[in-house]
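Pasting the structures here.
Each of the next two complexes has chain A plus one more chain, namely chain B in the first and chain C in the second.
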Partner chain A sequence: MESVKDKCAVVGIGETEYSRDSGRTERSLALEAIKKAIEDAGLRPGDIDGIVKYAVQPETETDLAACLGIRHLSYFGEAGFAGGAGAALVRQAVQAIVTGAATNVVVFRAVNGRSGKRYGRGEVTGRGGRGDAAFSEPFGLIAPGQGAAMSARRHMHDYGTTSRQLGAIAVACRKHAARNPRALLRDPITLEDHQNSRIIYDPLHMLDCCYEADGAGALVITSADRARALKQRPAYIMATVQAAPGGGDGAHDRTETSAKHKVFAAAGVSPGDMDVVQIYDHFTPWVLMAIEDYGFCKRGEGGPFVEGGRIELGGGLPLNTSGGHLSEAYLQGMNHMIEAVRQLRGTSTAQVEGAELVLVDTAAGALILRR
Partner chain B sequence: MSGLPLPVIDSDNAEFWAACKRHELVLQRCGQCKTLRHPPRPMCHVCNSMTSEWVKSNGRGRIYSYVITVQPIHPGLVGKVPLATVRVQLEEGVLFTSNVVGCAPDEIRIDMPVEVVFEDVTQEITLPKFRPSRQVEG
Partner chain C sequence: MESVKDKCAVVGIGETEYSRDSGRTERSLALEAIKKAIEDAGLRPGDIDGIVKYAVQPETETDLAACLGIRHLSYFGEAGFAGGAGAALVRQAVQAIVTGAATNVVVFRAVNGRSGKRYGRGEVTGRGGRGDAAFSEPFGLIAPGQGAAMSARRHMHDYGTTSRQLGAIAVACRKHAARNPRALLRDPITLEDHQNSRIIYDPLHMLDCCYEADGAGALVITSADRARALKQRPAYIMATVQAAPGGGDGAHDRTETSAKHKVFAAAGVSPGDMDVVQIYDHFTPWVLMAIEDYGFCKRGEGGPFVEGGRIELGGGLPLNTSGGHLSEAYLQGMNHMIEAVRQLRGTSTAQVEGAELVLVDTAAGALILRR
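So, the complex of A and B:
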């Protein structure tokens, strides 16, 4: 198989403001973010011939193309796994570009995630007791965070992980958000604040949970050759992987999801080479377990690893430098990918000096970008 | 009252819920390789056989993990919190999501032995729940 390493790059990024109540349609938010990303790249809407979206995004590609005045869409696609689709979108864009199906591809996410349907209340992922949900929802397992809480409880039992260690992740994200004017939660917090925040689903506190928000983000992806002639410093896509859990008996086994670490081999780099990481933080336990999955530390050592400022700016592994889902906005991995590009351009509000390699975890996948 | 969603009975799981109504806990077993599975599904994840049979579980297991939902994040949880949702590892090996009854949520511990009890909810639906085991171990 021919490698697609470094064959494509992210050349444009765009975001709306993040808010608690946009007062706008998700379509309007999507179009604003896409328009900004295209302008950022120095392109025009007519240059775009591909759109890839999250399968949970209700707007159709034809509608968006009509609004943008794109006359011919030669590639359109979508990826599943709800909010975890991020890396899969980028992968589809890369595949479309290297096979000649498209030239310049937009990927995006737009949500009224706070003023509209709430993921945190099971309003999007709830299945009304159908299928496998017949064996979970009647027992009160409704929202994604409850599963995270159950996994966290088992991790605590097996490895001695503590709630305060989870709190260190929330504190780090907030510290970074404090520097970011786009972030919705900017007041610094302490471990005590984390411990004193109300319990939502024990063992998780409110500050272990992402901040649901309204907003949109978009990327423009093109070939490396074209990227070099465009306005911005390209963020080259070294590798992407997709990894959905499957099979088995539903135990909290990380075998499937930990397949994400294959992104390092695909990119030809190792975890220790990463200058900064952006990890999908809908709930703090998933961040801690992802750090283990990627091999930044051994299984079970995630708790001690995140303590003592290691994941804060200036530490050994700065994480979620925009504030992430916990403090900037819950934009389902799109804001993590945008922040990764900013780090490589040198324009983050929590810039890691000279950042050259960034890992982005998008829940059901991962990508590595380089300068 | 808008409660929690009730199980939607379909041809994949009808046998399971019919057994619950009789206050029996059954598990689906592959007709070919005899691997047990839960929840009921049309195919064995080990050998892909689509034939299956139902075997009676002894209803005993241990708490694998649990979450205590404190905030009523869903209308169906109003008046029900704090609610302990548990994952029980049955003695037969499979993991089973349910609730613990007959003990306060803060008394639940991982590895605690539990046994099934049945809660008749509607004419059609009986939910299998678990209580701290009363059987003397050993």
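So, the complex of A and C:
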């Protein structure tokens, strides 16, 4: 067994504009973000020999390679769990590089998530005979937010968590988004605005839900050795873990601590060492429970923990400094990973001074990056 | 960069019955094959912590894990290129094990490929705006066999290859299938039978096409160290490579040598060292051209090479000893990988005496296994 700690780094990041209606194909968005990330790294498309994508991304690696002018791909892979694949994809890139399957690997996501398919609306998959959905669809549980609402209600019942505490997460993200010109929602909000926004899935208000958007983001990952010779300050990948608990990705049994906290042991650091965190925020209760999963506070204490500005810039644990899914754009974890790299380069619009360690939660996994 | 040569092994294989109508879900088939592979290895389901699947396989890892009694999956991944993903999946399993992401990994494929969706019939994807298909569907190129027919015609034009030479591949596979009780097509055929079978895609006859089937297969992969303590003789994984040339997986430009031949350099062996080969045979011309790609003969000499029994048991290069896709069942590369393991265990029904090295071609990649 070979540790991959610090052996690779994110050396390029690229994003399209985030919008409500891109007017372009997801393929076109993907290519723009990938080309920007390659250029950001100081590389050329021909230097790329691996592409790793979200399994829900329909474009084929072959087609993208042809469009980019890549003659051969020596590594291609995907990971499932829809938008939760982020850390799994970075893990694959690292594994491919460390074992010599590829040298420079692109990870990307492109969605017309607002003008095209709206993930938040859910769909009847008709997969009743195939597994997971057999236990939820017949009861009308179709949209992702419905599950989040049930998890939130359970947390409220067990621990006395309040809707206002969930609101503190929405307020913090919006405060950070206000500083970020890329963010789609930049008007500051108060806890009262959160409370007054309409109920979407009881007990979740509209402002507990992420903002679906069109756009694309990409990373270029290479070995630490090559990274040092490139254009940008490398964001070293200390550790990545994937976590898919039996019977669900954690949504169905939040009383069990997620295996994602193992990312700290893998990196050899502790939650208290984190300068800033980016946590998958499709819905506010997931953020609150992830904070508990990672041990930033005890189980059930997430509510009081997020109050009082602790998760805002200047607080003890600044969170989602680009505005996250709630206020920047719902790019399914890709914008969180990009923002983490920005923090380590010192170029965030909500920069944490001297940030050296960032935790990124990607729903079905986690990674820790360091300067 | 860390070589993965010989660091992992296939320690378990499992298959369902191959049939024309399984009468069961693909999920049920998958679970049977996986459980058999785990048992074959002398492991228990709880020992498995990674699942790697074909991207076209709709079942989720989470659901399978729950059904198998696996509490946590620390690695999950997929690879695209439809049935061509085989080597990519083994590569991912190896990478996950070598870098400590998982200890015992399952790779599987389950299809109701005859009673359910018939891959060979193709479909209008409507992905005209998304890439590859934009260049073929408008011209009526929809079924996989159409592309194979065009490649065959080009090869015939360039090198004088004949339909009877393609027939020699079908005859060899059927001869091997006749010894294999699992094979669906066991009645011996002659070159005349091949020539007299109806044209499906000119110049391809029915007997140039694989036999679509229902069934499932699975592998269990672990580290070489752990492998030695398990029940079966390990099939060590010397090398795996993936190859996705820009602009196609090779189908569109067969004049370019596939990158798959790099598997020999990675393993440190040469084509002449192979005792037996399993080559992805959805259509006979692919086999002939793969033989050239790997350097078993020169470009254009594949036709004469496969004649005269050379690829039959007892010949210089025994090929597809279970009957392959053409005569055992079209399990999209999974049955080729399983048969390769059997050859190294000495348990094939068309056993090559003392087989020590096997090449497996999985269309978009290749692997070499050794005893």
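Keep this in mind: the second predicted complex is superposed on the first by the 349 of 371 C-alpha atoms of A that agree within 3 Å, B and C clash if a C-alpha of one lies under 4 Å from a C-alpha of the other, contacts with A are read in each partner's own complex, and residues count from 1 in each chain.
The definition used in the following text is that contacts are C-beta pairs under 8 Å (C-beta built on N, C-alpha and C of every residue); 3 or more make two chains touch, one makes a residue touch a chain.
The structure displayed is predicted, hence computed values, not measured ones.
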Chain B versus chain C as contact partner of A:Thr62, first or second or both or neither: second
First, second, both or neither for A:Ala259, with chain B first and chain C second: second
Which superposed partner A:Gly77 touches (first chain B, second chain C, both, neither): second
Chain B versus chain C as contact partner of A:Ile200, first or second or both or neither: first
Touched partner set for A:Arg121, first chain B, second chain C, both or neither: first
Touching partner for A:Arg27 - first (chain B), second (chain C), both, neither: second
Residues of chain A at both interfaces, chain B in one complex, chain C in the other: 127, 129-132, 247-249
Residues of chain B touching chain A in the complex: 4-10, 13, 37-39, 41, 45, 64-71, 73-74, 76-77, 80, 82-83, 85, 87, 93-99, 105, 110, 125, 127
In the complex with chain B, residue positions of chain A that touch it: 120-122, 126-143, 145-147, 149-151, 153-154, 157, 198-203, 247-252
Chain C residues within the chain A interface of the complex: 1-4, 25-27, 55, 58-67, 69-81, 88, 91-92, 94-101, 127, 129-132, 223, 241-249, 259
